[in-house]
Amino acid sequence: MSVLSAQGMTMRFGGLVAVQDVSLTVQEGEIFAVIGPNGAGKTTLFNAITGIYEPTSGVVQFSGREVRLGWTALTIARIALAFVLIGCTAVVAINVESLWTRVINANYVYLQPFPWGKAAGDFFRALAELPFSAGIATGCIGGCVGAATTLILWWRSRRTPDVIARSGVARTFQNIRLFNELSLVQNVLVGMDYRMKAGFWSALLRLPLFFSERERFHAEAEKLLEFVGLADRADSAAGSLPYGYRRRLEIARALAGKPKLILLDEPAAGMNPSEVVDLMALIRRVRDAGTTVVLIEHHMRLVMGVSDRILVLQYGKQIAEGTPAEIRANSACVEAYLGTESHG
Amino acid sequence: MKNTLPTITFILIASLGLFASFAATAAQQSESSKGTLHLVSSLPRTGSANAQTSTMVNGIKLAIEEVNGQIDGWTITYQDLDDASPQRGNWDPTVEAQNANAAAKDRSCVGYIGTFNSGAAKVAMPILNRAGLVMVSPANTYPGLTKPGTGEANEPMVYRPTGKINYFRVVPADDLQGTQAANWAKSLGAKKVFILNDRELYGKGIADVFQKRAKEIGMEVVGFEGTDAKASNYRPLVTKIKAVGPDLVYFGGTTQSNAGQIAKDLRAGGYEGLYMVPDGCFEQAFIEAAGDSNLNDKTYITFGGLPAEKLTGRGATFREAYHKRYGSDPEAYAAYGYEAARVLLDAIARAKTKDRAGVLAAVAETVDFDGVLGKWSFDANGDTSSKVMSGQTVKNGKFEFVKVLGD
Amino acid sequence: MQPHEVFLQQLITGLSNGMIIALIALGYTMVYGIIELINFAHGDVFMLGAFLALTLLGVLGMEAWSPTWRIGGVAIMLVGSALFCGGLNWTLDRVAYRSLRRASKLSLLVSAIGCSFICTNLGLFWGGVPMEVFAGGVAAAAPKDFPQLIPQTNLLGASAIRITPADIAVVVVTVPLMIGLVFLVNRTRMGRAMRAVAQDATAAALMGIPVDRVIGITFFIGGALGGFASVVYALYNNTIGFQMGYRAGMDAFTAAVVGGIGSLPGAVLGGLTIGLVRAMSDQYLETQWTNTIVFGMLVMILIFRPSGLLGTTRREKV
Amino acid sequence: MRGRFGAITIILTCAAVVPIVDLALPESLRISEAVRGVFLYAILALGLNVVSGYAGLLNLGIAAFMAIGAYAFAILTCEIYPFQVGFWPGILLTLPIGALAGFVLGAPTLRLRGDYLAIVTLGFGEIVQDLLKNLDTVTKGTQGINPLPSPSFGGEAWTASDEYKWYYLLLAVLVIVVLFVRNLERSRLGRAWFSIRQDELASRSMGIRVERVKMLAFSTGAAIAALAGGLSASVLSSTGEPSNYDFQVSILALCIVIVGGIGGIAGVLVGALVMVGLNSIVLVKAAAALAALGIGGQGNVLLSPNNWKYLIFGLALVLAVRLKPDGLLPPRIERSMR
């Protein structure tokens, strides 16, 4: 079954077409590589897949399902609720002075007990007697503004990176984006965040759930750091890590959410040959642990060494797809990419 | 952690040290035979009200200098407290409470001159009332501070937790001035009035009274709007005013809340009717801010008391003394400040015991006081009995007395 | 006045006010565009410019000049205030901001707030200068009258609608400045350098652009615009005071945001929008609600266009 | 991990002994009343620190929430309104009311980029003052609402003169707020806040629901600010007037957070001491001392010490960030987070 399927992806920025009609399908348990010269649109493709960009056209499916918040009953209920609440608020807000005079000032005599029942009655009577413009019309306008705002905000958040990450797709970044001021463990714990249950109140009041969860996830995070070989630095700040280790930490952070699919953007960039060998082993271990891997890479030895299948992009278009052996035999690819690479 | 502790310790010690050194200098007191009686004023000295409060403090100092800082062998000392804070640029309730508490605790303090803002008075009054310290305000005009039934249901009892009256003011409250202003507006021939207010306690209060009175005596109120004191101009509002065509625009507000700019924009916008403002604008700074050509002949100012040049007796002496001391004619606020200080000094002289209780009792007994604002007494609420209101206009860039307002 | 006359009059007033706001907003938006700093001191630099203009007016005795000479006087004030404000803004950058380029943006902001306080206080002192135009400096904090060099008489004669020479002056000063600025930024070497620094200061430095100098010049130009604005403002409103920088600055900053911060045409559009909304709200609603209306408009615009009316969504490089 | 808690403990312990030291000093040297103001600002700044320090959302209108807290407390407790719920329920209710206000402002605007949000909050700060002024049937406009109840533990209600009682009450509230904020900081939520402050896109790509997390920060900050507002109103027994909660207050809170060291509790406490101390202790006493010495003449604006306060405050800000761009006590997050 395909873990990731992207069909007809096109990404346009103004006049520039960064990715044009690219399709790819990644099977479960695969290591899939996307290669191509600089500026071929690889990272843009990743960004479109992970929701950082909204593709100009094309459909992305994870495990056969398009990840996008849909029109559910809940959404409609939310918009309706916004309409009612904001509409009512608008009516009360616009008329607050007259209502206050009628309900509070008229009923309250200094230091005498307040007739709550009568006041409540007065409140509704006053509401009912509002003129059309201050009552129903204001309510409708306020409600429409509220509903439109809610709709817009919801629409913009339908396919954001967090929605996609929560569906089990993790990624790393080409220009490493760690949380430099946080420690290594903390970085990994951020990746685990959406698996945690303890919320605001358990943190504030230190409820038992907070402690049990903290214990559990800390242990797991340390295990993950061990998995990528960084256990001995767990408590130092990520910003203090040497470059080569940062990639690993990013991979650990990405794995922390137990994703089904992980996208690695140039994981070997800036690594020396022995680090690359370690990385290849790590990528295989990740796959063996049950996570499908998609990677962008320039480092041909790594790509050819670990990939099951390779997609070649040039100028935003896909020019070939196949096993490493097929790509090596494809003259167009060698010319477009491998040829230039061998000089560099 | 290593460099944290020294930092904190340093900061703590430094701030304590700085404070202590200042406090120590502040604590210096002069010695005299019988002892020291201390007066303080608490006025906003930082920020926008600085102009008025400076003249008030001038007035207070003049009053003390006139008795050479001595009464019956007691030394009178005076401290000018600021109830504004730099970050606020305006009166700050926390600072006002601090001032009041400090005065309450200082046993040698027998009189508290203040506040400028009625809002600040609400904070200070209960504190001073509990301390039994007399408070004389040179500027508060909010009626609810003294007069039952004019403010909220619990006013003014709420400011007198001990039940005794310790708060007095030498200026008439808004209810008097607003009413008189409306009467005068009608006698000037105004039929349609447009009322503006600066949405501050003073301006809104007086504009409300003006509106009520204007309706009672049959003027048509064609508009009532709250302005924004920080606005750069009021041209759109002036267009709105012109569109309804009033003969008089009343602005409840002060020079600080942009009375001058409103005058300017009224003229620049082509409004040709009359313009009337309360005593918050009775200062030369108003004419300077508005530009005399915008005010001349068509502007009317009400004021609780008589203007300096119309004063006779006590007032005339004051005017000369002030001019000699500061090189300029006293303004309304200087007279209020001077009057407040003199009431206190007079009471100290009369007091049987030279302590808080004695001074408080003496202030309350002030009868037929011969002051710069006329001859007046404090009534049972602590208000001045002076009902003299005068009307001014502006001619050739100077205030000119028109008449004494009365019913 | 007929209803349509009232409407037209509010349109004129709104546009005049809007132009002044726009001119101040340009200074904000330029500085923001280049170092992403909300330059809180800008409003106060603007205020000091107005004080300089009044001082020049007093020193040269312009009130006594004939109407034609007065136009020359206005030109002197414009140039003087622009140079002064530009220089002051440049100095602030040099003294208070430059050393914080690498520090967090918030430290920079606090530095700007500090500068704003200092400038406000300097304005208070300036108001105490013993000169006749400052009322002899007796009440330093009081608002100061700025004489009507440009008369506020009606050019349309007895018509109910008023267009005054001051309205015309606002347009005559503001529009060429805006056009000149757009030309400067889009067509000159300096403008190109500014845009380069705005996009990526590090890359610009690597390309041999003297980044600090370019930023300094941007501050100078931004300040100079504030200086021009201060004279126009003073001529139009005829009052200045040491606390006028706050509201003027806030209106201008709102204008810059409404238009899309960093965008020059946006700042102009934003300024005009705010001027018009203020005028219309004063007329057809109540003055006391005008600020609320402007704020509501700001929020609504930002909900529907999160980068302002003419702002471009900046794509984050991933 | 231990380090910062050490710093916080030291500061709070010092604060606790101030009144005791005070009693041994002559009247004019006592400062505990002024330190009370430090506590209120520290609570306010802790609220702002959650928003601006942890989550990195520049909020220039925190005073608006303080105003909302103060007026909510006043309307709920003052005897001229029918509700009169009493001090404790009133103070506790400021929290949800503040949080709700934060939600109302935040819901539509929290998606905005940094400085766009800043201008919205700045505007909100102005609008709340306007609303409080304009709706004078409800809020009494600029009159202020008074008197407000003060806590009583069985005995008589306190007055403004019971300074040591107030002192310890405010200190206790400050300690509770510090504890709660610390609990949040060292939790999943605090981690998420730090992560979005450093790199919003990366945290989003890690599955952090940025809007929700920001909203929690915004509402928490607003709730704490509202609490500070309620307390300050209760101490003064009056709300003062709406313009007592203006931009200057927000700015002072922001300066406290940044000068102290953004994102750390100890830094905020030190910042509050330094900034408010400078403002309401050193400058005030200095001006008073100079005036007592006869310095501060008439006529010349330069001679009055009061006229220098803005300048000194501004210079202090510029110098503070110049000398210590990361604040006096910059937090080391990788250690404090656990």
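Letters A, B, C and D mark the chains in the order given here, with residues in each chain numbered from 1 onward.
One rule holds for everything that comes next: a contact is a pair of C-beta atoms (placed from the backbone, for glycine too) under 8 Å apart; a residue touches a chain by one contact, two chains touch by 3 or more.
Treat the numbers as computed from the prediction; the structure is a model and nothing was measured.
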item: Chain groups still in contact once subunit A is set aside, others held in place; value: one piece
item: Centroid-based (C-alpha) most distant chain relative to subunit B; value: A
item: Chain pair with more C-beta contacts, A-C versus A-D; value: A-D
item: Central chain (by mean CA position); value: D
item: Separation of subunit B from subunit C, taking each centre as the mean of its C-alpha atoms, in whole Å; value: 35
item: Whole-Å separation of chain centres (CA-atom averages), subunit A against subunit C; value: 41
item: Chain centre separation in whole Å, for subunit D relative to subunit C (CA means); value: 32
item: Multi-partner residues of subunit B (each touching 2 or more other chains); value: 50, 54, 86, 89, 153-154, 199, 226
item: Set of subunit D residues in contact with two or more other chains; value: 79-80, 108, 111, 133-134, 201, 251, 299, 307, 309-310, 313
item: Per-residue multi-chain contacts in subunit C, two or more chains; value: 117, 124, 138, 140, 246, 288, 291, 303, 316, 318
item: Contact set on subunit D toward subunit B in their complex; value: 2-4, 6-7, 10-11, 14, 26-29, 31, 33-34, 37, 40, 79-80, 133-134, 136, 140-144, 146-147, 159-161, 163, 232, 235-238, 240-241, 243-244, 246, 248-249, 251-252, 266, 270, 273-274, 277-289, 291-293, 296, 298-299, 304, 306-307, 309-310, 312-313, 328-329
item: Subunit A - residues contacting subunit C, complex; value: 13, 43, 47, 52, 145, 149, 152-153, 173-175
item: Subunit C contact footprint on subunit B (complex, rising order); value: 47-51, 54-55, 86, 89, 199, 225-228, 230-233, 235-237, 239-240, 242-243, 255, 258, 260-261, 264-265, 267-270, 283-285, 288-291, 293, 328
item: Contacting residues of subunit D [partner subunit C, same complex]; value: 52, 58, 108-109, 111-116, 118-120, 122-124, 126-127, 130-131, 133-134, 201, 247, 251, 254-255, 258-259, 262, 299-302, 307-311, 313-318, 320-322, 325-326
item: Complex interface listing, subunit C residues touching subunit D; value: 32, 36, 38, 96, 99-100, 103-111, 113-122, 124-125, 127-128, 137-138, 140, 246, 250, 253-254, 257, 261, 288-289, 291-292, 294-295, 298-299, 302-303, 306-308, 314, 316, 318
